[in-house]
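Pasting the structures here.
The two complexes that follow have chain A in common; it is paired with chain B in the first and with chain C in the second.
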Partner chain A sequence: MTRRIVQAYLFEMYKVIHYKYSAMGPVLVLIAVVCAPLLYPISKDEVSDYGFIAYITPVALNFLGFLLLLIYSAGLVSTELASGTIRQVLIRPVRRHEFVLAKLLNGMTYALLLTLIVGASSWLLAWLLGELMGVTYGGELLFTREEMSNAYLLGLLLSLAPQWAGVALALMFSSFFRSPMTAASGAVGGWILIDLVKYPLGIERFVFSTYLEKPWAVFSSRSEAIALDWFPGVWYVLGTSFAVMAVCTALAIVALQRRNLSA
Partner chain B sequence: MMCLPLLCLAALRFTSQEIPAVYVGVVDPLTAEAATNFVQADLDRDGADDLVLAGMVLFQEAGGFPPERRVPLPQPDAPADIDVWRGALYLRSQNSLAIYRWTQGGWETVVGQPLSWPAQPPDLSEEKRRLQRYLHDVDGNGDPELIAVDPAGIHVFSRNQESEVYAERAVWRILPPLDLVQEEQQQLWPAPRRRLLFPAREMSARFFLQANRISVLSQDLETASSRGYVRTDYSVAAGQAWELDPAASSTQATPSMPAFLRPCRLNNDDVIDYAGGVWQESKASAYPLPVYETWATLDGGATFKVVREPSFQRLRPHCSFLDVDGDGDKDLVSESATLFQGGPREMIAQLLTRSVLDHVLRVYAQESGGFSKAPAVEGQVRINLDAAPYLNGPMFQRYQLGELINFTGDFNGDGWKDVVVREEPERVRLFLSAPGRLGGALETTWSVPGPADIRVYDINHDGRGDLLVQPKQAQQAQTPGSLVYFSREEAS
Partner chain C sequence: MPTCISLNNLTKHYGSTVAVKNLTLKVEEGEVLGLLGPNGAGKSTTLYMLAGLVRPDEGKINVFGRELQRNFVSIARRMGVLVERPVFYDYLSVRRNLKLFARLAGHDVNVDRLLDLVGLLHAGNARAGALSQGMRQRLGLAHAMLTEPELLLLDEPTAGLDLEGVQDILQLLRYLAKDARVTIVFSSHQMHEVESLCDRVAILNKGELVACERTDALLSYDQTSVEVLIDGSEGAAKRLSEQSWVEKVEAKPGRLQVRLREENVHQLAAFLVTGGYKVSAIMPRRRTLQDYFLKVMNQSEKGAAS
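Moving on to the complex of A and B:
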């Protein structure tokens, strides 16, 4: 089964590379990062510019990037359903649940790509235009450069979990609806709706989107000379994200298996 | 007696009593002390401190203040300042001094003498009596001296051992000179609009007495954003001459410090500490996030401990320096909310849709001449605001004024400050602290009237904090009394 999923995933990557609109998301987030110094000027003034990175990363990745990720992932299955190409794909020796898992890996790779672009471009800009030293306050070195780099790296890895949960959520809607527009509206609308009602209903602790920006909290706080613990936030990020991934992927598989593809 | 048994729990027992005219104000964030309209002193020498108000004494009995033991103070002929010393009541007016003791159900006049007091600024209040501290035992003989301050200096009045009469013994001219106040440029022309002000002079200094030493702390190098302090210590010459020994005086100056720092005492050493807080704007955030900085120096301005916490723009921290663990040294307490820990998008979502707020307390313990690098103790309490913060409802306004949380009282007497939270407009909860944990263990819940203020103070001075439910504007006359919940010893 694993070999078939890998083959289906490689086929998905081949399609993505040859699909001209695939690059739109990465280009948009890159433009957002490159334009950020216009809003948040940085310079070589002997003052650390981690604040710039802490400013642009959540904006580019967890707002614009996440929106693009949902739209991209919502089209993974529904476009194939709408065009009927899914019938040709499933002629190959790949089962429906393996097809969904390959699509999930496709979306996860896309999230990884966006994350790496935002991370690399923001650090490169800060290095080229600003300063990256330790964080000092009141004459005291609070966080060294290595501590800051490690905090960002850990945050970067951790940020993949809620993004992948978003991929699974959008993939679920993608399996529910034949129209890519409806699926994208469902995924984005569902995200906004959940964010609107989770606090009044008191369920925010169990919703993955609550922790979308949490991975950057430690780095962002440190750049402001504010100490913040990783725990227990890390457990909530991982727990809710992987729970959503499991449930939404399972529902996507069930929906696709029950769908009459010949209709 | 109006004490009603209210709650009898496994750990703590509370009795309630309505007490008139007693008022406790908000806590000073630096000193952790609340302004009160009373002083505590054992006037009837029964071992329990009584409450001395400007107009009456509430004698303590069995841990409460029964109505039948409320006695008016002696009526002075002229407006008088009241102070107490070892069970004696001092009433000092402009031209006389009277000392009373409570004996056998009445006020006995111990001393009544003329005494010319230095001219004081006119008191605009209509009160004939006010509480004012002017008694200090400078020479350490157990008999207090009277201290008065005017621009000329510090006046010392002591009792003559033979005649038992107080008289002025010395004027210590050690205060900084008056400086001209910088007035705005005055208009000379045209003549009809000419208005010249008489040049005003001012002086700002603090003095404090320790045993036979007096210290004066004055500001130096003052600018809009920074200032320094100069401390000069003088020794009082031995004997009854009451002169300062110029050879034994010493002067210390601090480096220039941020102007928001105030002199205070954060531990028991001889060094004056400086602490304060200031708002800054976050530079790493996608929006103008306010950050509250708490600063403290324990070495006279050589090094600083700075703790930064994101917070609401108008939030007044309840208390920034407090002896949380009961070791005698004040610890640094920072306050924030979990609302600021989830990122900008999540923060906006909470501001718009969440009516509950999780308030975070972090304690940086004072140890080895400094504060711990990381929080030694943390706590978190939940407050129901009734409405999302952006609506700026009454509970949120109270939260911003620091009225919903109080952690200055030790209710069970274990040395650790416990946390009182006004969780809802009409519900107050007490969370007991323990080593390594601030709050956390729910002890009891009180129902309180919505408009009332909640205060914590050890009213009966038994070492345990008491809860006061006092009406708004309780310091004004004609308002109902405060309802006090006295904490008692543990029930078996």
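Moving on to the complex of A and C:
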């Protein structure tokens, strides 16, 4: 089974590489990062500019990037359903759940790509235009550059979990609807709706989107010379994200299993 | 011969509509079976259930002696499917599309040889999105043959093709059936295709199998319907119409069309010769699949009405 999922995943990657519009999302987040100094000016003034990175990363990744990720993932199955190419795939020795898992991996790779682009470009920009030294307070070195970059790297890795949950959520809508537009509307609308009602309903602790920016909290606090513990935030991020991933992926599989792929 | 496909009480509903009802059918290895029927008869649904694209509500499907649902992967490796109006990734070239699907199937394939077989070698670098319907159909057939399948399921394989294309595809299918011994199940509205290609035809109406016969038996000569080349056809027609063993006779200049009550061409020949008529030929009419199809459909409709 693993071999077939890998084959289906490579099949997905081949298509992504050859589809010119796949680059649109990464280019948009890159533009967002490049334009960030207009909103958050930085300069070579002997003061560390981690604040710039802490500002632009969540903006580019957790708002624009997440929106793009939802739209991209919502099209993964629905575009194939709408065009009919799914029939050409599923008459091959690939089971439907393997197809969904390959699509999930596709979305996860896309999330990883967006994250790496935002991470690399924001650090490069801060390094080129600003300063990246240790964080000091009252002349005392609180966090070294290495500690800051480690906090960022850990945040980067952790931020993948809620993004992947978003991929699974959008993938679920993608399997529900034959129209990519409806699937994207469902995924984005669902995300916004959950965010709107989670506080009045008091369920925010159990909703993965609450923790979209949590992975950056440690890095962001450190950039302001404030120490913050990773825990228990990490558990909430991982727990809610993987729960959503499991449930949404399972629902996506069930929806596709039940679908008749006639003309 | 071993059984390649075995359908047992297959039933499929779409909402309240019955697409296929209690379909039981066997296809032997190396056999070519044509599925005939009017629109909505259940031909495509049957093929798609066999391809694993549509799940039956009831019944069992066995292919190569194995249950389809449980052994889909191993069966799909040995099966090629041409779906109705095949669609490919528009932004990829014809060649890339085939390579991509071959890789998905875990099969190493000579794409150019395949394109040559379906007459699409010249368009190998064209984008799939730029292909005409006929070329798409050829690409669909190449896609179905990617893994050198032992079983081909073809939904209207010549739809959208021009006359030359139809001939090419039929020739290819004939080669696959006779020389490569590929089992083929295909649906079509074109009687002459089914006639020329199939060992057996199954006729579906409103989801039910209403007839299943060997083609050679259906296409035999009809000894009750004969054409006679004769001098003095008017006079002969008048005399024949008076005979009790003649059901109907129609005279045309130099020929007669006679319908006998029983298979008794000898009696007709003797009657005309002894009557002094100059007979050049007596030719029993060859039955066509269309005759059989219309007869079966008529019976089926009458049966449903009663």
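The rule is simple: the second predicted complex is superposed on the first by the 262 of 263 C-alpha atoms of A that agree within 3 Å, B and C clash if a C-alpha of one lies under 4 Å from a C-alpha of the other, contacts with A are read in each partner's own complex, and residues count from 1 in each chain.
Criterion: contacts are C-beta pairs under 8 Å (C-beta built on N, C-alpha and C of every residue); 3 or more make two chains touch, one makes a residue touch a chain.
Since the model is a prediction, treat every value here as computed from it, not as a measurement.
K.L.:
Label the relationship between chain B and chain C on chain A in the superposed model as either fit or clash.
P.N.:
Superposition check on chain A shows chain B and chain C fit without a clash.
K.L.:
So, A:R95: does it touch chain B (first), chain C (second), both, or neither?
P.N.:
Touch partner of A:R95: chain C, not chain B.
K.L.:
Just checking: does A:G139 make contact with chain B only, chain C only, both, or neither of them? Give me first, second, both or neither.
P.N.:
After superposition on chain A, A:G139 lies in contact with chain B alone.
K.L.:
Between chain B and chain C, whom does A:S43 touch in the aligned arrangement: first, second, both, or neither?
P.N.:
Touch partners of A:S43: none, neither chain B nor chain C.
K.L.:
With both complexes overlaid on chain A, does A:A227 touch chain B (first), chain C (second), both or neither?
P.N.:
first
K.L.:
Is A:L10 touching anything from chain B or chain C once the two structures are fitted on A? First, second, both or neither.
P.N.:
Touch status of A:L10: second partner only.
K.L.:
In the superposed model, does chain B or chain C contact more residues of chain A?
P.N.:
Partner with more touched residues of chain A: B.
K.L.:
Should A:G51 be classified as contacting the first partner (chain B), the second (chain C), both, or neither?
P.N.:
The first partner, chain B, only.
K.L.:
Give me, in Å and rounded to a whole number, the least C-alpha distance separating chain B from chain C in the superposition.
P.N.:
Taking the overlay as described at the top, chain B lies 38 Å from chain C at its nearest C-alpha.
K.L.:
Using the superposition on A, tell me which residues of chain A are in contact with chain B and, in the other complex, with chain C.
P.N.:
No residue sits in both footprints.
K.L.:
Which residues of chain C touch chain A once you look at their complex with the stated criterion?
P.N.:
Counting only chain C, the residues touching chain A are 14, 44-45, 48, 51-55, 72-74, 76-77, 79, 81, 83-92, 96, 100-101, 103-106, 143, 155.
K.L.:
Could you pull out which chain A residues touch chain C in their complex?
P.N.:
Result: residues 3-4, 7-8, 10-11, 14-15, 18-20, 83-85, 87-95, 258, 260-263 of chain A touch chain C.
K.L.:
Spell out the part of chain B that touches chain A in their complex, as residue ranges.
P.N.:
Its residues touching chain A are 282-286, 291, 295, 303-306, 308-310, 341-346, 349-350, 353-356, 374-375.
K.L.:
Can you tell me which positions in chain A touch chain B when the two form their complex?
P.N.:
For chain A paired with chain B, touching residues are 50-52, 54-55, 58-59, 62-63, 137-140, 195-200, 202, 204, 210-214, 216-217, 220-221, 223-228, 233.
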